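A, B, C and D label the chains in the order they appear, each numbered from 1.
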Amino acid sequence: MIGKQTWIIPDGFLQPNSKGDQISHEAVCVLNLTESSAVINLTFYFEDRDPMDLFFSECGPNRTHHIRLDKITDQEGNLVPRNIPYAIKVESNVPIIVQHSRLDTSQEALALFTTMAYAIES
Amino acid sequence: MIGKQTWIIPDGFLQPNSKGDQISHEAVCVLNLTESSAVINLTFYFEDRDPMDLFFSECGPNRTHHIRLDKITDQEGNLVPRNIPYAIKVESNVPIIVQHSRLDTSQEALALFTTMAYAIES
Amino acid sequence: MIGKQTWIIPDGFLQPNSKGDQISHEAVCVLNLTESSAVINLTFYFEDRDPMDLFFSECGPNRTHHIRLDKITDQEGNLVPRNIPYAIKVESNVPIIVQHSRLDTSQEALALFTTMAYAIES
Amino acid sequence: MIGKQTWIIPDGFLQPNSKGDQISHEAVCVLNLTESSAVINLTFYFEDRDPMDLFFSECGPNRTHHIRLDKITDQEGNLVPRNIPYAIKVESNVPIIVQHSRLDTSQEALALFTTMAYAIES
């Protein structure tokens, strides 16, 4: 099957400031090419505190999901904290493909970056 | 032979707004180092609807093709929809190498991002 | 274990100019998913001089560290030089995952880029 | 030895316009961790014409070289053409690691992108 079940993104950061009509955010973009729904668990790692690991999302078969990290909440209702460096582990019950992107609108003109996440061989 | 026949890009998005003389767009950039023409099939996956899979392009031997996703139409004349998250599967009859880039000119200064697509081992 | 002990980043550069309230910088972003602290050695390679290899950092177990390259000093107190192209080798005593990002604020609007570093198979 | 001898970059483009004091350009950034000088051959592929393959560069042992694609000339004195999509093959007589970056200053604020090149297994 196409993809991997575990992916890593070391550089996460939710820029606290936004200008214009687009809010600064990040997205974990998932594609599920299997015939089953993907149940996705996101774990966030920090520099000086324990990980937060109760974030869950889904992606249907033959669907993509661009998971907005500024909107997702964990099972206790917590948001991902802004203005703090973090890293992300993405785990799925079926193989998926994962890309990570950031939009920063803290200055007058926006900035973007993206990279494929790092796939862990199972 | 150099390259792979299937490549995946989870983060696709055609920014609907543009300022200045450059239009916001994405490109799937292909290099064909074989001796045959590459026939390329693009499938677009969405969050809440079925995939669109009738997009075709070509790339000659020892040629590159930067396929503009804001211009390509499928066999029924449909454009890739703007302002909706999508993911892309790129399939070719011969091995190719694939990179994906976005130009966003929705604010006064443009933004760019790029990544190598994710290669599927055949 | 998840990750690799050696990672390479060919395109390093500390932009000398900054505008606004964010300083131009780069970061080597590390995630340590092992149960031990990672001791990290950074070596900087240049175009016309010998490498600088006395930069050390740490990352705790289940922690991330976004190592700011404009702030780190080597064991003799030297900073990474600004305005000179360099490349980076990242070595760790335990497997880690490494991503590299740049923030450039030399013009009115910032620019960002990122990529996963190149993992060396051990 | 660390690295590969052949690397591919499908998305090349020299933006013809520049504003401010930084000129729009691309760089092929090389790191040579061997004990020998690397002799590097760059081939540029186009959409509608034959490749240009007479571009050569060097990178010393334990040195990096950020090869400016707006400055390099081939053995007949030709520059890489601006304002035309191209792709790049980078070949070296010893293993190297290759990253590709673009600076675009066509609007008031610059934009950057980067990616590791695609390594060909030998």
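We take it that a residue touches a chain if its C-beta (ideal position, glycine included) is under 8 Å from a C-beta of that chain, and two chains touch if they have at least 3 such contacts.
Worth saying up front: this structure is predicted, and the values here are computed from it rather than measured.
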item: When chain C is superposed on chain D by its C-alpha atoms, the rotation angle in degrees, nearest 5; value: 90
item: Numbering shared by both copies at the chain C-chain A contact, with half separating same from different; value: different
item: Chain pair with more C-beta contacts, A-B versus A-D; value: A-B
item: Between chain A and chain B, centroid-to-centroid distance (C-alpha), Å; value: 22
item: Chain A and chain D: spacing of chain centres that average the CA atoms, whole Å; value: 31
item: Sequence positions of chain C contacting 2 or more other chains; value: 107-116
item: Interface residues, chain D side, partner chain B - complex; value: 6, 8-13, 45-48, 50-51, 85-87, 89, 102, 104, 106-118, 120
item: Interfacial residue positions of chain A with respect to chain B in the complex; value: 2-3, 20, 22, 27, 29-31, 33, 62-66, 97-99, 101, 105, 108-116, 119
item: Residues of chain D that touch chain A when the two form their complex; value: 107-109, 111, 113, 115
